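Before anything else, here is the set of structures, which you'll find just below.
Note that subunit A is present in both complexes that follow, paired respectively with subunit B and with subunit C.
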Partner chain A sequence: MKVLSEERTRILFEKLTKYIGVNVKLLIDRPDGTYCFREKKDRVYYISERLLQLAQTVKPDHLISAGTCFGKFTKTNKFRLHITALNYIAPYASYKIWVKPSAEQQFLYGHHVIKSGLGRITENTPKHQGVVIYTMSDIPIGFGVAARNTMECRHADPLATIAFHQADIGEYIRSEETLT
Partner chain B sequence: MDIVNQILLNEQKKAEKYKPITVDKHLDLEFDLGTLLAFDTNDVDSKLLKSNKDDYLHSLTRDNTQLLLNKIWELPTERIDEAIVVRLPQPTTVLPRAKPVPKPRPLTKWQEFAKAKGITKKKKDKLQWDEQLQKWVPLYGFRKAAAEKEKNWLIEVPQNVDPMTDMYEKKASEKSEKVAKNELQRLKNIARARKVKIPRVGLPVTSDKASATQLATAATVAKASTASLGKFQDKLPKEKEARGKGVHELIPGKERKRRAPIPTPQAERESNLNLLDSILNKRPKIDMEKAVAKHIHNEQVMRSEEKKNMKPSKGKRKGKGNATNFSAKKPKAGRGQRNPNKKTPGRKRR
Partner chain C sequence: MGRKAKFDETKKVKKGPGRKARKQQDPIFKKELLENDETKKLSHRQKQRAARRAKKKAELTEKRKALKQAKKNVAKQNEVVLKEASDDESGDENIQGFTDDNKEWLKPKQKIKNNVKEMSDQDSDSGHDEGSGSDNDEDLPKTGSSPEKYKVGTLDDLFQDSDMENGDVTSEDEGADSSLKMSYNSDSDEEEGKSDEDDDDGDDDMLPIEKANIKLKKKQKLEKKLADDEMQLNISKQDVFAFPTEEELQNPTSLQDVHQRIKDVVTVLSDFNRLKQEGRSRCEYTDLLLKDLCMYYSYNEFLMEVLMQIFPVQELVEFLEASEVARPVTIRTNSLKTRRRDLAQALINRGVNLDPVGKWSKVGLVVYSSTVPIGATPEYLAGHYILQGASSFLPVMALAPQENERILDMCAAPGGKASHIAAIMKNTGALFANDANKERTKAIVGNFHRLGVVNAVICNYDGRQFPDVIKGFDRVLLDAPCTGTGVIAKDPSVKTTKDQKDIQRCFNLQRQLLLAAIDCCNAKSSTGGYIVYSTCSILPEENEWVINYALKRRNVKLVPTGLDFGTEGFMKYRHHRFHPSLKLTRRFYPHTHNMDGFFVAKLKKFSNVIPEPVKDDDDEEAETTEVSGDQPNGNVESDVDSQQSEKKSVGVKRPATSTETEPQKKKNKAPTQKSTPTSSTVPTAVSSNNQIKKKKRKNKKNKPNANDGNKVPQTEQVQIGSINEKSDIKSPNINIQDKNNKQKNINDTGNKNSTETTLKSHTPLNDKLSNNSTALVVNKNVSLNPNQKNKNKKNKNKSSNGSSKSVAVVNKNELKITEKVEVNASRKLKKKLKKKNKQIGQISGKQGISRPEGKQNGINKKNKKIKSK
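This part shows the complex of A and B:
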């Protein structure tokens, strides 16, 4: 478990602000104890200080993961969010997309959200904004990037992509062995 | 009877000439038949050794040799071409070697990689059936070149290549490049095995184009190669510094720093919050669409305000022609202002 370098912390926070904006502060500044980000094998874990202390008693070679994996740094030093971060991102998400029940399965199989499956969308969503995808019953099922802004969505044709798929909870089954 | 006595006498004389094959020893000898060795652990008779050294040693050697041969005769014998032979057992005595044990040859980079990945070499047949030539063609060596020549009597020029290129020449140059690359790698392997330092940049590239990482490394190193270690060199807008193994070592004065100590939770939180503030306070890029929309919205608000302000003044005026409210637009049905006092509501007519 390494401390993230300043450059990497910056990359991580820049990515997180794309989804939850100012609320990233709430992840660090928590009333119920101090939480921090740690890195292991290029994967970033969000972990409470107390748990970290306990995890440090394990030999580094034997420790696979501790805390919640937020994502990983690619070889080109970009940060990629994993679905495991959804629990922390969904409550703070500022821009949301709700999908119709008929389009839920499509999304959970890793497809983009298309106009015909769009139930609701947050007002004033800009283009290329990180969004959290919800079912109509307000259950977060993944996140992605808005392909169009809200105004454009109104006039888009039914097969046009509204949000690019990035991660969905179907990955818990599809890529079970790679999630940590 | 004479003859019998004669024979017996002769036999006795003959037997006297040879020594007996049985030898008495206080302690049994230790044998290692594999190496034809016998160890005599009995005491040496020092008196005899002093008085009659040669004879004593001679007889001792004979006795011990006799014992060794007796042991050999106990082994199962075979007869091969009228000669009696014996198969010796495995030697048990460990002999020390004169020279040090040779070190294993250092692995090449590929061999190391293959070992780590568990790749094993597949055995290929020397001859392979060629469908085109309808005969067996060697994989390499004698008659391979001839077969290749026969096969490639004509080479097609691909669509995306200049039609005037000599494909044979191209093929030859490709081959020579491959050979050169292999040679370079061979030398690199030797250098690695001998732990010789070789420069990481400035070497000729092995393929015809340098890779992006090679170029980035070269650029980063070149930039740092000024008297002030590149401190005053300008940066391009989206320039990235080369990262990765060994890049820092190439740049003087940029040795890897000692890892910073793990900060306390409070300090880490503070620094994280500061970093976040700096990210969030970044001046946002001008979103043209948003800006235009906002401008239009503002204009509309202004116009509506103006209209509201105009209303009271309009009420005072009487008569049909209201010059202030005139517009060149086509009149729209049902959108105009109505006079509730009028009896016939409907489109405003002018």
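This part shows the complex of A and C:
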């Protein structure tokens, strides 16, 4: 568990901002104690200071995980957000896409969201904006990047991709091994 | 739109009558026809019985006719003889026949008939209360024989032909009936139905139809009785279970036969005295059952034996049956993300058929059927629920975590229970989820993230090392790895793969884990200090025994689990006698609670002090005796003896396992501390353990001196300590010579301790030994009357250590005894000796069994030798 370097912190926050915009600061300034980002084996954990202190009693070799894993830095020093971050991203997300029940399953298997499966979309979603995908019953099921802005979506043909798949909760089953 | 006409052949043909179509009513049959149908419904048995009955009736009527004739002929001839012979019976007659109102019409001539009749009356009377069938049988031969005696050969033949019991009754009764027809005497018959005295007048007034009614009733009763008899005969014949021969056993025909045999043996065992085959012992039956069960349910013999020891046979079969069937799938609502009602609604919309798991849980749901894979719905992936056996809720409910606590789950994978804890804590506080298997910790990570648990630290330690990592948890959950005998339905490989070694390995690990878990817990926590131990095994070795072990070694006590169902834990199992508080633990069985076999125990830690570890069972045994030996003003060594003997006599309840010492120790802790002010810093359960540090030893050595030798038990500790110092530790089974040396040491050290204050000089070995033999006696001679000498000798034989101890104390006493002390001592001695005398018998019997130490025996022998000198 080490403190993120200056650069990595910047990369991380840039990434997070893509999804939750200015709400990023809400992750840092919390009413229920201070939270911080820590890095372990290129993976970034979001953890409260109090728990961090306890976790530091555990030797690094034996520590598997603490708090919530947000994602990992790739070898090329890019940050990749994991589905495990959804717990924190979903509540703060500024742009959302809802998919129809028929398209839920498709998305959960790792496919992009196509126009025919699009239920609703936040107004004014710009192109290439990070979005959180919801079911029609408001359960967050993943996140991705908008392939088109809202206006374009209206006129897209049924098979056109609306949002690119990045992570979905199906990964809990599909790739449990690589979650952290 | 309009109506769509369907002209193709797929057009549906209307089913059933139209709205306006006339419907034919159900046919109405005549009553007679219906009744006939009913009568036809006789079962095969009934038909057989009816046929037999008819046959019997025919026989009887013939017999009756013959009898009537014979009576007519013979009665007149033998009248005189009969009068003489039936004196005793006429006595009855006098009472019954002549005191009645019917005196008037009772004529001497009819005496025989009356006699016969009344016998039959009695019979039919006893027939009325059907419970007393045996009386009936006893009476019958008499009645049968009494006429037999006096009647002609032809009659005899008749009676012999008929099977004595039923035939007689009926023939007599029929005879009575016939006499009813013939004469007015029928009154006496009718009286049976009613009371004897009152209705006599009324009988005369009875309408013929009433008489007929009574007659009919009687006939029905008779028939019923016959049927009953027959039935009982059938039952008794059917129920005899023939023990299979060797050949049958070696060539099992089919599983169904085996199953049938299992059933039969179980019924036999349930009422063994009645149903057993002559010459077969219970053992044979149980062995047969064992083999059959092993074959039928494909267990290995070891596990089946163990299970047979846990359950009575009837329950065992139920358990085995239940273990074949998978338990219903249950899911636990993740209260961090949703509520049960919402979840249930969402799942029902997906085509899942479910119900709440029971009143005891607010988060559990039972899934009966589902059209979608229940482990892959979007709700599941979103972490709204987790698949978890109902029994897995229990340990967490018992743990009852509070918010803002620090909690440890020692064997957490795959994180079901741990996430339950986090959910109850509402993501506050800190949760440590540990598992020894690194691969399995990934499952914890996955589940925690899916379920949204953010207050958790997941680590990968061997649980036994965890106290070195971090301590001070408010609550600890230990769901220990086990043999899995409670979840055979889940993993049938348990049936065949487990043997004694596996169990042993398991419970050793469990003990260590439990001790570690207790060590991790903080007794001073304001809200907690609880440890919950659970396994999915039903073997007492892995459950009660482990708890009992921990009770002894740590400052913990059992508290109620807070689960209002489940069966109580065992307090005794085979030769083990556990601490009585073990009934606070809970067991769950697949056949009674419809959840996996499970065990839950909740412990409360009341002190963070770790008592000195006890080395092994033998030491423990010694320790009990010691600890029990200290009384505030412990007297002379005989105190210890008597205490030992008392302990041993107590041992009737709790024989020689490592496990029984706990309660005494606990109770006795306080007195030890009080009586030895110097030892107040020493952990309470100090005892004959080989790992005591030298400092402590010194402390203890000083104790006797400080107390002027009143602390007898402490001397024993010292002795053992000294043995250690001289690195004389040996296995319990040392020969006598070794013993001699040892005892010398013991005596020496003992004396040293005493001489620190008393300045008593050393005596050579021989003196010592003689001292050993006589010390007690001598000492007591000083203070006691000679009567007690003998008793003391007896005691010596029992008490090996006592004799050596005695030396030390005696020395002190010799110097320090004032008259007062003497008197006190003598009084107490007398009391003790009285007790002892009573218990000697038991003790001598016990020693061999309950005390495996060769030490004692060796020393005993020595003492005997010396005495003989």
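One rule holds in what follows: the second predicted complex is superposed on the first by the 180 of 180 C-alpha atoms of A that agree within 3 Å, B and C clash if a C-alpha of one lies under 4 Å from a C-alpha of the other, contacts with A are read in each partner's own complex, and residues count from 1 in each chain.
As a working rule, a contact is a pair of C-beta atoms (placed from the backbone, for glycine too) under 8 Å apart; a residue touches a chain by one contact, two chains touch by 3 or more.
Given the structure is predicted, the values throughout are model-derived calculations rather than measurements.
Contacts of A:I64 after superposition: subunit C is touched, whereas subunit B is not reached. Using the contact criterion defined above for the overlaid structures, shared-chain residue A:N77 touches subunit B, although it does not reach subunit C. Measured by the number of subunit A residues touched, the leading partner among subunit B and subunit C is C. In the superposition on chain A, contact of A:V132 is made with neither subunit B nor subunit C.
When the two complexes are overlaid on their common chain A, residue A:I141 makes contact with subunit C while staying clear of subunit B. Of the two partner chains, subunit B is the only one touched by A:V22; subunit C is not.
Within the superposed three-chain model, A:C153 lies out of touch with both subunit B and subunit C [touch as defined at top]. Residue ranges of subunit C in contact with subunit A, taken from their complex: 346, 375-376, 378-379, 381-384, 406, 430, 432, 438, 441-446, 448-450, 452, 454-461, 469-470. Interface residues of subunit B facing subunit A in the complex, by the touch rule stated above, are 243, 260, 262-263, 265-266, 268-269, 272-273, 275-276, 279-280, 287, 289-290.
Interface residues of subunit A, counted against subunit C in their complex, comprise 48, 50-51, 54-55, 57-59, 62-69, 83-84, 87, 104-105, 108, 135, 137, 139-141, 169-170, 172-173, 176-177, 179-180.
If you check the complex, the residues on subunit A that touch subunit B are 3, 6, 9-10, 13-14, 17, 21-22, 24-25, 28-29, 34, 36-37, 49, 77, 126, 149.
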